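Paired with chain B in one complex and with chain C in the other, chain A is shared by the two complexes that follow.
== the complex of A and B ==
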């Protein structure tokens, strides 16, 4: 009896011992803060003078946020940014990934080198592009003028700044789509292509009717992860535009940070953070459901 | 007739695709090259129009980052080297702890079935999705109350938190690659589970631990949102420091370019270490499990 019990009990000890530090850390750093955040979002209070106490505010923080045009402006900007950069990344990434399926000399080296931008600090990326996009002496405007166009004040106007931010995010994250797309393309059985060749299918037909549909499950993961990451984008805007000109390039994350750490409207910031969390959670749920569907099929 | 036209069409499209790939490569790698070139320019050359490709190298940016030479005493380079040291310390310690915890948790998740395991794995995955500013609203107060604001210890805690979930998922993937028979045989032969884990399984995932550490280091090293809000003067990391490097004379571009290169170099080194596991690391182990 003793010997029968022993492995099971050490197993249980191992589970508890090995898991509890991580569980406690995450409870303390994720669950507790989110719980508090929801709690704060129903109060009027400021982190600047916490001793003044918290006034019950009910839903007024949410009511205020939903009726405030400034907040809507930030949601609209974030939406435009997400749409622009994710579309560009997906198209570019799928195209380059497809092209990299063909073997040529130095392909693996090129592939590895192309992965680099996504591993860089978003702050470095932001400042690097801010430097290159400077309207007076930036290299981008130099290239623009080489082709005979007028210089553009990229980061000084709301419209171009949105495009600039999308181009920088696309620069950083297209490699991610390339990475996932090539993995998806590699997973398609060679025999299907051979069959298509026998049938005399054109390259375009093969791409749109075989390659894309068959890699859709993995590309969908890429899409959702990019939607989540670009929706909560914060670092890049701090470095690239600082939210300007004016407040025209402030994302929802940026607005949370500004409300909480510049104005110290902690209750209001909490409510906005809860809304942001709900959106992200919604996207995460779609991803998790998709993943379990994928797992069930294989 | 149609055959040759098809051939010409295929030929043309091949060339167009190749040119597009070339253009993308320039878009992708050009900026990094441009940063490296610019980091060696003097202030005057940095703003030259048209941009200079031939110039006399100037190391004042690097001098100010490393706190040596003439630039050491300039007002803009005060504390930059300290922030580099903060980054090195915080990333190293944070990575070590995160990999340690992730290895333990990953092993358990790979080997045991227990109640709530799926919930735990999802909970861990959620740290990948979490918008930093959301929890920061709370951390900002919590860190002040616990005396962790603007300290190395606080930043280490953040570096561990940011990475522990990733480490757990990646390590679970590597442990899944080790056959369960290893432990079964060890136990049949009278060794303890702990012995089997420490002496038999761990050595088999050495490469995985190194790759996990590589990922964690890069993410800790690049971390910005938390560090920028939770530090003010004493414990700024290098990314935070350069984001505030705009002084009275405007943005210190020589310093930023040099700091940018200094921030990229460790990433290059660790990137080489993890290049085979990129898919797994970047998707939190969702894809590319081996």
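== the complex of A and C ==
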């Protein structure tokens, strides 16, 4: 009996021994920052002069934020941006991915080229496009003028600036969707398509009733990643618009950074970051639950 | 329902000839089974009839109309594939009605057809489940239901039972044959399993090396094989083959002492003038207590009630059936004259013998 129990208990000890460094590191890297973030959000506190100490503020940071129309404006803008760019990149990515699933000469080269924008830092991409969209000497307006249209002040007006940012984000991240979509499409066995063809389904019917639903789990993961990522978009706006004109292209993340590091209202910025975190986590939880329902069927 | 005709059909994949100048005509409502070893071109022929593979040359005709250029969806065919081809994200019911929905058939009509086909295949309990939850046999049943639900003119089956358990396969085979007769749909069935072919087919199309070897009813292909290949491919245990050597008074089996005399040989075969091979099925090669040739028996064994014996001629091991009474003597070997088949040793074609026993 004793000998039979022994290896099991050593095994448990081994498991604890092997896992604990990782768990501790994870606690330190993830739990501590989140904990201190939540902690700060209940205080009036400025990281600029920590000597002044932290005044307990209760929920007043949250109250202030939720009653501030400026913050709501930033949420609305972020929502518009997320909707625009995620919709564009999903549709474009799925469409192009569908076209590129067949093997052809130069396919690998094309895919490598497609991934280039994704490899750029958003700040670099932002500046690149800022120059290209410059109303006086940018290449975009040059092309516009070639077709006889008047030059557009792309980044100087709220509406076009939103679209410009969404287009740049789409330019960067559509290849990611293409890559995942192509992989998902290629995973569908050929006999499924042959069966559908014999069954008399048109190409469109096959696409919407077979190709899309069968690759839905993968496409859904892509959607989740893009939603989360674009929801916290910050650096692209720093480089592309600087949040302007005025504060019209400031996302929530942008506002967090500005509050924290321009005004140094650390407590208030923490509260805003907590709200953002909760929204993204809530969104992710709903989507992930939906995803596991999807997986249960297969 | 439709008649199908293949005229000089050839299919190439690059330098490889998968189907080589095949001619065949299939009657309305006929059940034709393509039989042959893997890679003989039977599945490729089926896929060409379906429209999933293009003919390199030659014509495919449905009711006299050339369909080479028609898409599979325009040929009014249905097909069951060897491996899973059900749509995994759709329920069994949705899978079965897929061909109707894809063609925009009215809801009431779909419900009526689903009722009918569910009854035929006894799938009532499975309708709400997903294909992944069903065993392979039940999946093929669903695939079959999906195939027949829209009354296709031609039903194409590509080794539909090969991925199914032995036990369930028997049952499915019986049901399939029954269903086909009931629906009267022209059916082409591909298999490498001779038992499936023998039990299901109105006619068997035997293929080898991209060409048709023989087209005949199961009985005829068994008793009158066109060639050595046909003789050996069909029948189990398989046909014995021995080279015959002309000697005075008859033909000698290889380098043995056994000489088949006039009583056992069809007329004219001794004077054929070219090398001849003898084909004889184990059932027609008997070890008996009475008259026969003296031969050294190698081994005897039983498979259930049937007893077999083997003997050697040179390198070849021949197998026959043991008809001695229990506890009998040494026994003698008898060649049943009606069961002897003679093939030209070079071309492999049957030149004499065979035929159905009276």
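Note that in this section the second predicted complex is superposed on the first by the 255 of 298 C-alpha atoms of A that agree within 3 Å, B and C clash if a C-alpha of one lies under 4 Å from a C-alpha of the other, contacts with A are read in each partner's own complex, and residues count from 1 in each chain.
By our rule, a residue touches a chain if its C-beta (ideal position, glycine included) is under 8 Å from a C-beta of that chain, and two chains touch if they have at least 3 such contacts.
Just so we're clear, the structure is a prediction, and the values are computed from it rather than from any experiment.
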Considering only touches as defined above, state whether A:112 meets chain B (first), chain C (second), both or neither. first
When the two structures are overlaid on chain A, which partner does A:214 contact: first (chain B), second (chain C), both, or neither? second
Examine A:266 and indicate which partner it touches, taking first as chain B and second as chain C; both and neither are also allowed. first
Between chain B (first) and chain C (second), which does A:103 come into contact with in this model arrangement: first, second, both, or neither? neither
Let me test your reading of the model: by the given contact rule, A:49 touches which partner, first (chain B), second (chain C), both or neither? neither
Of the two partners chain B and chain C, indicate the one touching more residues belonging to chain A. B
Name the contact category of A:67: first (chain B only), second (chain C only), both, or neither. neither
Using the touch definition up top, name the residues of chain B that touch chain A in the complex. 10, 13, 17-18, 20-21, 24-25, 27-29, 31-32, 34-35, 38, 46-51, 101-102, 104-105, 107-108, 112, 114, 120, 122-127, 129-142, 157, 160-161, 164-165, 168, 187, 192-194, 197, 218, 221-222, 224-225, 228-229, 239-240, 242-243, 251, 253, 256-257, 260, 263-264, 267-268, 271, 275, 278-279, 282-283, 286-288
Using the touch definition from the top, list the residues of chain A that touch chain B in their complex. 7, 10-11, 14-15, 17-19, 21-23, 25-26, 29-30, 32-34, 36-37, 40, 47, 50, 92, 95-96, 99-100, 110, 112-124, 127-132, 136-137, 139, 142, 171, 174-176, 179-180, 183, 203, 218, 221, 225, 228, 232, 234-235, 238-239, 253-254, 256-257, 260-261, 266, 269-270, 273-274, 276-277, 280-281, 283-284, 288, 291
Which of the residues in chain C come into contact with chain A in the complex? 50, 52, 71-73, 77-79, 81, 83-89, 98-99, 102-103, 130, 132, 146, 150
Residue set of chain A touching chain C in the complex reads 189, 191-192, 194-202, 205, 209-210, 213-214, 216, 297-298
